[in-house]
């Protein structure tokens, strides 16, 4: 029944989501070039790349969402210009997100931030409203604050996963720990909740990135929410293809890359 | 009439509750091993161990609660990563908790925290909503802050109990003071409200833990809310059995242990 | 018409109220002994002592109020464990208080606290809701904060009284200034609003306490809200009797005490 | 149409209002004597002195307003005991004020206070609610805070007036700048909104005060909201009479005083 | 469909708006003279100058808006007297703005301010309410705070534009970067959302100002929201005429000025 809510985004229980809220979270000059600053480019990539879903803020969804892949609307957000422990508040109602075509509701929680309580409470309400309307609530959980020295440590990443589970998320997007063994603990902490590896900044090589994704899948992840490593890639359709092989067919990276090279 | 609200969790006025919200409150790596990280293990223990009730956060309840023992949903929560005086805000509505099968509503109040007023006010509303729906409101009262040097001192523990009574709780979960004499003052301060000893961290030996529980019962407690001392125990069904003997049959610990050994 | 709202608590315009919220405000170990920790003892004293009303928090009212004297529910509260300028928030709705049998609504305002605005605003709403339901709103006004060097000074006590009047209270509970002359200014500042002297900590002797009450009555007070000086008294029914003589019959203290001794 | 809302308080477009909220704002011992501490004295003065309106807090209105002159209820307030940048929150609903007979709603905004945003937002809602019910919203605008070195400077007083206009006030009560020339800039900044000079502390002589009022009227003010300079005056009916001559008949102060002396 | 919402303010997709909220934002003495302190002067200029829209706060709109050009009501505001990171809260409801004749809703967001989250959340609600009523939500986005060293830098201005897009604004008012090349990046970041150059303080010469506007238009802007450079101009109708030539007819500034001189 729980898995039903995520079904729109799953193929045989696996998923690859294309995330594109970096314009707000990082600013256009940090992450974008002349092509990918245009949401049409990313919407197009989501469709042609065969992604399982696309993640937009309300404004981008309202102007560019074309209905061809399932939509997750991120309903909170912040700029990168504010200092101190982060807080991200709701900027889009669940009802409005649904009116834009959303089949999932995304919300970022900065676990450990001095404003954690504000986000816990807000997510609690949004999760209930989403469930009432039959939509999954997907938590981006990013640990921050004085107690978080290393946000890819096994203890921290698994805490992110567990917090999402306990708060009733249908899925969590968390950072990769660096190896399948430690990441599998984070997946276990999720206790059946869908766990998505967060793509993070552009990796040095496709291989490096694909090996991370393979590690997450080996550890039991549901899939990946990828942004920069897809739409910043010189060949985004090829990386999309490789990601689908790693995630859905569980082809080994070594084999994929030798295939790409041949 | 008041006791009616707690009846689902009482047997001849006594009770032993299995608590499992530590994944959120402490993080999965602090308290869990490969077995007890899985909520099924704990749900199963609640049933097979004959517990009077089980305590989950909404997310765990939604995925793992099987209806075989009465459910308390903890409706607020926080992570252990936030520094400073603690505040824990509502993450689950009373209505949502009921939809998950809850027969009781749990809420943590950090008495003495600089955010006490926020939690007092929130608990006040939740208590009324719970009572309107016929459910008991159960207060976890943990004294914190600059004025709390020792949170197991008689004066502090009895204050926790009394605050719960005055705020209209049907039951309070408080720390053990260390001896029946001082704990009986906390029970008296509760003035008929059900008082549960909080299990706390894993005790050095089963005997040490059982003697604490026996002391609380001798002092007039209603029972125990136990987590780590049950699901971290190498033999959780045996400790469950011993606890039931101490709490419901008032068998002396000495006798129980000699029986277990024989 | 205004006085109508307080009528349930008045006898020929005078009143003696029994207050018992110290368990929350001070903690059980500060003020209680084995007898008076039990709310039944105080409820019984209210009835047998012929008090004009009894003051409880919601939790005590729900369990112990027996309907034999009119009830005031204190709808806000705080513990003594929080440091800094005090704030006390609503923990009981007016509707809930009425469902418990309340004929009056009590609320504490810490005048001068840096959180004054929060309490002013909250009292403003509660006062209107109480009046809508035909109940009086009774303000405990306790001056605090950097500008309050001496909270029994004439200027400060009269400010408390006047603030209650201006904010629409039907009655105010304020500290005694120490002499009838200065207290009469506080009564005048109330401009017809009922003024209750606050009993305060246990006085050294009954005589000392009764002389304070006599002074307040001489100054024009409506009466007294007494707690510790009644239920901590070795002979609570006798002090109740003496108080009624001072308040309702205006017998001089000297005469009462000589009578008690004879 | 706008002016319609203030019509109850205008005579040929001019007005003199009697303000009496100093008991809350300054405390009874700062401003009151044995006579004027009694609201009846001020209500009586409002009627016999022929004032265009009287200004009370809810509590005083509820007990003493007699319906013989139009009523403005001040719906926010604070004590003088709180330190730091001032904030004054709503203590009376528009609906409640109307139930007390109010024909106008008064609200204080501390322009420049670090809490300015709170009061702007609150006034914005109150103004709309008042207008919906056909009542004028009258803003007391008092500049405060680090940027306000001199709150009677032309730039500051005109800012107060303009802020009231922009926020939709029907009238503003502002301090006098000291001369008609600079005050006329504040009146111009109000752009047709009614501008009332604030009476302020008791002036050294009647002449000094009347000359200020004459200056404000010369500058285009609608009139005066006076408190202490009326009810602290040894001869309040005479000063009321003089004020009416200055405001409504525009008789010169010199002539009035020579007449009073004769 | 999105562009429909802005249609009332567009002529062939271009627009020049007359802004007049400086009385609140800067104070009347900073920006106004004897003529332009009067809102009638500006309303008249909006009509006779052929502006595409006029921007007022609620109070000015209520008294001076004459319906002859489309109205945008700025629904939040602050004074210039408050220190620290800026916050501007809602002072006018969408419903009230519509009752005044508004065809657009304006809201200022101080991107990067420590209060950013408050404004993001508030704008999120206002945007949805505006859209529900068929009105565009227009975001003034002004970057501020510790991370903003230069608020006309390409990275910062484009961030402002992108934030408005992501939050669902129909149009953004942002500062000019100084050259068309860098401003075109900000327009691109807006991804089709209407981008208005903010007029800013009075330029040294008409030529300097017109060249800025021409640069913005060359970069793809929809137009200009101008205040001081119009109503502070010695010849406001002439500058209005020049602006229309630059914006709607795309006549080069050089040609316009030679025409004006001839």
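Going in written order, the chains are labelled A, B, C, D and E, and every chain counts its residues from 1.
Keep in mind that, in the parts below, contacts are C-beta pairs under 8 Å (C-beta built on N, C-alpha and C of every residue); 3 or more make two chains touch, one makes a residue touch a chain.
For clarity, every value in this text was computed on a predicted model and none was experimentally measured.
Q: Both subunit B and subunit D are touched by which chains?
A: C
Q: By the touch criterion stated at the start, how many steps lie between subunit A and subunit C on the shortest route?
A: Minimal hop count between subunit A and subunit C: 2.
Q: Provide the labels of all chains in contact with subunit C and in contact with subunit D.
A: none
Q: Quick check on subunit A against subunit E: do more than half of the interface residue numbers occur in both copies, making it same, or fewer, making it different?
A: Subunit A vs subunit E: different; shared/all numbers falls short of half.
Q: What is the distance in Å between the mean C-alpha positions of subunit B and subunit C?
A: So the centroids are 36 Å from each other.
Q: If you average the Cα atoms of subunit C and of subunit E to get two centres, how far apart are those centres in Å?
A: The mean C-alpha positions of subunit C and subunit E differ by 58 Å.
Q: Please set out, as single numbers or ranges, the residues of subunit E touching at least two other chains.
A: none
Q: Which of line, ring, star, complete or other matches the graph of chains that touch?
A: ring
Q: Report the order of chains around the ring; begin at subunit D and proceed in the direction of subunit E.
A: Counting round from subunit D, the next being subunit E, yields D, E, A, B, C.
Q: Tell me, which parts of subunit B touch subunit A in their complex?
A: Within the complex, subunit B touches subunit A at residues 21, 23-24, 27-30, 32, 34, 37-39, 57-60, 62-64, 77-84, 87-93, 96.
Q: Within their complex, state which residues of subunit E touch subunit A.
A: It comes out as residues 2, 111-114, 116-118, 120-121, 123-125, 128, 143, 145-148, 154-155, 158-159, 161-169, 185, 188-189, 191-193.
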